[in-house]
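In structure tokens below, several structures.
Common to both upcoming complexes is subunit A, partnered first by subunit B, then by subunit C.
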Partner chain A sequence: MSTPYHFLPFRFKRNGQNVLLVNDIGEFQFLEENQFQSFIQKRMDITSDAFLNIQSKHMAVIDQISHNIDFLATAYRTKKRYLYDFTSLHMFVITHRCNQQCTYCHASSVGDNDNALYDMSIETGKRCVDVALKSPSQNLKFEFQGGEPLLNFEAIREIVEYTKKANSIQSRHIDFVVCTNLTKLTEEHLSFLKQNKISLSTSLDGPKDIHDQCRKKRSGGGTYDLVIKNLNWASEYLQKDHVSALMTVTKSNITQLDAVIDEYVRAKLPSIFLRMINPHGAALDHWRTVGYSVDDFVLAYEKALNYIIDLNYKGIFFVEEFAALLLTKILTPFSTGFVDLQSPSGAGLGGASYEINGDVFIADEARMLAKKTNDNTFCLGNVFRDTYESMFCGQKLFEIARSTTIEALPGCAWCVYQPYCGSDPIRSYLEFGDFGESQAKTGFCKKNKAIFDLLFRFLQSNEDKVIDVFWSWISRRDLSQIRLENSGHNEEFCLQA
Partner chain B sequence: MHINQVVKWELNLCLLNQAILVYSTNRSRISLQIDWQNTSKDRRRHRGILPVSNPQRLSEGNYYMQSEKSEGNITIEFDARIYSEQAVKSAIYDFNIAAQISLKGDDKEIILVILQSPVDSRSSIEQQIYKSVLDHQVRIDVEKEFGPIRKLILAQAFFPCENLDQIIDEMDL
Partner chain C sequence: MKSFVFKLNGICDAVLGKVSATPVGECKDLTFVGGQISELSNQQSSNGLCVYRVPSSKLPLKNSNGSSLSLNLGDVIFFTPSGACTIEYESHSRSNCILLTERCNSNCIMCVQPPKAGSDRTALAGALIELIDSPTDCIGITGGEPTLAWDGLLQVVHRCRERFPSTEIQLLSNARLLKNYKKAQALAEAGGDRLTVCVPVYSDISQIHDTIVGTKGAFWEAIEGIYNLERFNIPVEIRTVVQKLNYRRLPQWGEFVYRFFPFVSHVAIMGIEPIGLALKNLDAVWIDPLDYASHLDASIRTLNRGDLKMSLYNYQLCTLPRHLWRFSMKSISEWKNVFLEECDRCIERSNCAGFFAASKNKRSRGITAIT
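Here is the complex of A and B:
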């Protein structure tokens, strides 16, 4: 007997009285339990709204299977576009020296009076650039990290100039970013950054009392006043979108994220990335004072997300970046360059970190692990000893890619959120001693699942206001533009329609 | 409860390969303490055993798991003509619990023995396992139909073929 329709690939998850269905390209549909039962038993009325919705989301097909396969293949290729870019993010550790001694520092830095043994030499920097420029990606990002990279500014200057010269024939697009605590910023720095269109990324953990709890100078005292002063200075000197800030959620601010968000709004920063603390470096040593559970983070994240949504209702355009990344993957046909949400993992394939001696790691966390424990599991080689091909096309990276392809991992393979998610081999290694096979049991997975649950609750409620805010984050436009509220836009849109 | 069962139970949490275990028993319960403090600090760091997503915290560096002494393990039988071993294994993986799976009756029955479940939540666990196995069986059943299509989509995404209609005809959907 012929069946009324054919299934196309989908995954599902029960959510109370409803079932969430997601296909391989991330299209989703909620069904009531009885609808789901009739769908999987092929008893669903093919003229019903529920079936038409399922069909429009490419989870079932009556005929024209080849057209659907062609469409799904194209969409799948678009979702996996990051694979074509290969390694586009290259992080250069310019120095281990730092004038700060933050409680949760992942980088295990040394004092700023220590000698140049802790700096990347200009020769090493150039060799790192030679390797990075062998990446096939047309769009590259070079990040200068530390320690405090401004303490070895001469190396930054030389590397930027060398890169521009080396890239003059290929003319690839290269963004430069300096990740700095801002406390050593000078006019000379700003002038060079402006001249070369280099962005600044800094850390701001909240208002003074919160920020200064963890982010301290080695010489004593907090850094808040200087950071705010220099943040304003840099914002005026450089283009506004060339200055951004990151924060780390710690035990000090986890219950006060609304105050942190207010601080970001006061500093005229357009967004915040509510970033869970990573168990690396000093953070692991001070876990009692800075650490918390995944459950604590998720509760705080939900509260903060609601607070940010309310701010947007009030007319303040302000984005929570992690939600924006996930929503881009959920609501658009596109992917993102965010390496933590890629399968196979973006560690190595999407980004690489270069140590001061030229060792190449698949991620900054991998470099930190090696520095702290001498565990070189995730070291791909050294720019002086090894070729680009042996490091980035070698057996080690292949093995990591194989182990972090979540489509083939237990727990991830059938997870409804798999099309949006990725894996973190370093976290899996830290918690379970493997590259990714235990991914579905890590804190990384638990956190991601909880945040996906939260976002899908919002999407299921389908409240116009919330959905408008989400689209404003994805499209980077303020709410009034999404709602076509500005005078004339609505009429103009209607006329065009 | 036998000490070997505790070890098996805990091994399933995949946490203990570098930690030192301290057992204590009394008439009604068996406790298992993971003594991080006595574990080499370097090794802990090396392996990065973390105070996150782990069992309940007792004191600095220590974690414990305990179970009410079971009067018997939970045994659930599945009709192998309806449920596959894979569905049962996947459900157990999701629940992150130790269990033994075996076949009996000329492979017509799948026997799932869940080890050391607390007595007071036994019925709840049974219900959750039943639901989860059923869902996994649904996943397996629908994948039997769309599995070849999924492979074709992947192939078409990265190595497009020109005779797609012919391939689909040969798949006899």
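Here is the complex of A and C:
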């Protein structure tokens, strides 16, 4: 008997009596165990709805295989589009000085005594820009980090002006972002930011009692009141979408994430990124006071996600950014460049971090590792000594790319979530001493898998109510537009038959 | 394109004429002789077609059954020696269609205008473009399958662009021949930034599409064609006609369109017109919109979640769930458009697409006045 159908590549995962199937371009299908058995044993009736659903998701074909492969290749190219953009995120460490001393600081900052040893010089800044502008990406993002970058504002001003001049011929799209704790914000800063359409990204860990537990001034005392005051000021001064906040989930807020979310809503912030703390910098030293297990995080994340979904039901448009990112990968055909979830890893290929002395690292975490332990494993070179080509097209980045291509990593290669996932070579290095080969054993993997499980539980239940909220996050539209609530008539005009 | 039967005297060649108050170029007048049209003289113009003028003072022309043929200044009409008369271009309409050929390389089971072998109308279309005084918002190019008349199609598109640079051109094509990269490229060059190609994709499943189209392999040819159009940045509209063979997969079809054609400028979902082959194959194709309301709803939800623009064509509002009314388009041209007695009591009549006059053979059981 001739084979009724042929398989196309897919990965699968059992969950009780259900099996999740995902193909290389991220299309997915749930099957019951008995259906799955009949499918893989090629006993399925090719005219049944169950088979047509599988065919529609390109996991099996009855004929014309080559057409299907071409078709999938086009979709695959689209999904991997971020690779064409190469390094688009460039983070400049403007200073190591900081007026705050946060318990979980990843950056190992120093005090804010006026010491030029800890600042990026203007000359170094310009050399960093020269290197960053060699990146072929048409859309670049320059982020100013620290320490507290506003303590070396003159360097920011000079770098922005130098960049604009250097970019005047190519006129590529460049977004500037200042990552600041906001406590040193002045009118002069805001005026410059506004004039140059620069965004502000700050940190807000929750209401006063939570925020002030970790985010303290070096001189003592919490920073909450000042942050809220200046956040409101900046929001009024700058364009609405030019002010955003990040938070870190720590031991002090992990059981109270709903209060943190309420605080964000109160501050009129449109979204939150529930970020798990990473074992870097000061966070590692204070792990007993700030750290927690991956399981703790996942439980808290699920609770918080449900809380946020409920807020959206109540008419408050509010996005959980990590879920929005993963859902965009799962539900849309588009490429989503997010350096932490790319394969090969976005460390280096998607983003790079420039130290105050001009050392170039593949990521902020890599730069912090070097600063804390003098381990320069992930340093690509220095803007004074090395060329763009030797750093970004050199042997080291080549090896990192090879070790972080999860399609070819044990554990990742057959993981059902692989098409949506990425790798973090620094995490793999810290936990297992390799560049990424041990990816599937890291906490990074454990966390991502658990959150994918959670999101796929929502997708399997397929409740319109929840799915509508997810799409409103993906497409950044009001829930009423997704729900087709607006009635009325079509006023458009068409070619009549 | 309106069709009429008109009694003509003394015409031995096809005649294309424009309703005009003043002579145009080497045109000759058409005049009335005893209630019928005659030509005063017969002079071939350079393009091989006779171009005539109907003096506006002679309007309105009378149809052979005595009914009035309402013509406006600028309308372009076409007579054949057998007496068939068509209004090829209506200056007062917002949209006009140019029929390029009646030949087709597909044989869709519900085709409203069954394909016919024979000569193309490219010369006529070319002459028509030259006669148009003021362009409408949109000019459609239809068939048959217009890409079969390839050289003529390129000329018409190119000349349209040249004469009316701001007029939108909508080409209704099955895109199968556009799987040829060079053809897609040539079309893009001719169409510039004013061309949209409307392509039917009837199902997410190749064998269902091929069954509807009556041609094996048509699905993948169309997809290659669509991707070539996208390669040249030509806007694409995806269309489907909902029928018995494909309605059950409407939700999956919506997902398929979003996943693989997220670049489309518009998606059109059409109700069946029970005329032509659709009438002949009525049992095989007819499905009442009431019986697939939930499928339609799921499909539209999916497309809307993906932020695609979409419209419903040929649906009467009373056959649609109320929250989908906002997508329903008045898609039937006025002269083919009718309403029922029942519709006189309906408060939504003015917002409704109504019926095709020729479709009285089959109507949804959901037809009822909304009061």
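Keep in mind that, in the parts below, the second predicted complex is superposed on the first by the 485 of 497 C-alpha atoms of A that agree within 3 Å, B and C clash if a C-alpha of one lies under 4 Å from a C-alpha of the other, contacts with A are read in each partner's own complex, and residues count from 1 in each chain.
Everything that follows uses one rule, which is that contacts are C-beta pairs under 8 Å (C-beta built on N, C-alpha and C of every residue); 3 or more make two chains touch, one makes a residue touch a chain.
The structure presented is a predicted model; accordingly, all values stated were derived computationally and were not measured.
Contacts of A:I65 after superposition: subunit B is touched, whereas subunit C is not reached. After overlaying the two complexes on the shared chain, residue contacts for A:L284 are found with subunit B alone; subunit C is out of touch.
In the overlay built on the shared chain, the residue A:T74 is in contact with subunit B and with subunit C.
Touch criterion met: A:R11 reaches subunit B, while subunit C stays clear of it. By the touch criterion defined above, A:D49 lies against subunit C but remains apart from subunit B after alignment on the C-alpha atoms of chain A. After overlaying the two complexes on the shared chain, residue contacts for A:I169 are found with neither subunit B nor subunit C.
In the superposition on chain A, contact of A:T332 is made with subunit C only, not with subunit B.
By the document's definition of touching, of the two partners only subunit B reaches A:K441; subunit C does not. Comparing which residues of subunit A touch subunit B with which touch subunit C, the overlap comprises 70, 74. Those residues of subunit C that touch subunit A in the shared complex are 93-95, 97, 112, 137-138, 140, 170, 204-207, 217, 220, 223-224, 227, 248-249, 252, 255-256, 258-260, 262, 268, 273, 300-301, 304-307, 311, 313-314, 322-334, 336, 351, 356. Partner subunit C is touched in their complex by these residues of subunit A: 27, 49, 52-53, 55-56, 62, 64, 67, 70-71, 74-75, 332-334, 464, 467-468, 471, 475, 477, 481-482, 484-490, 492-497.
By the touch criterion stated above, subunit A contacts subunit B in their complex at residues 6-12, 14, 24, 40, 65-66, 69-70, 72-74, 76-77, 80, 279, 284, 287-288, 291, 293-294, 369, 372-373, 375, 410-411, 414, 429-433, 438, 440-443, 446. Residues 14, 17, 42, 45-53, 60, 90, 93-94, 96, 131, 135-136, 138-139, 141-143, 145-147, 149-150, 152-158, 160, 164-165, 168, 173 of subunit B touch subunit A in their complex.
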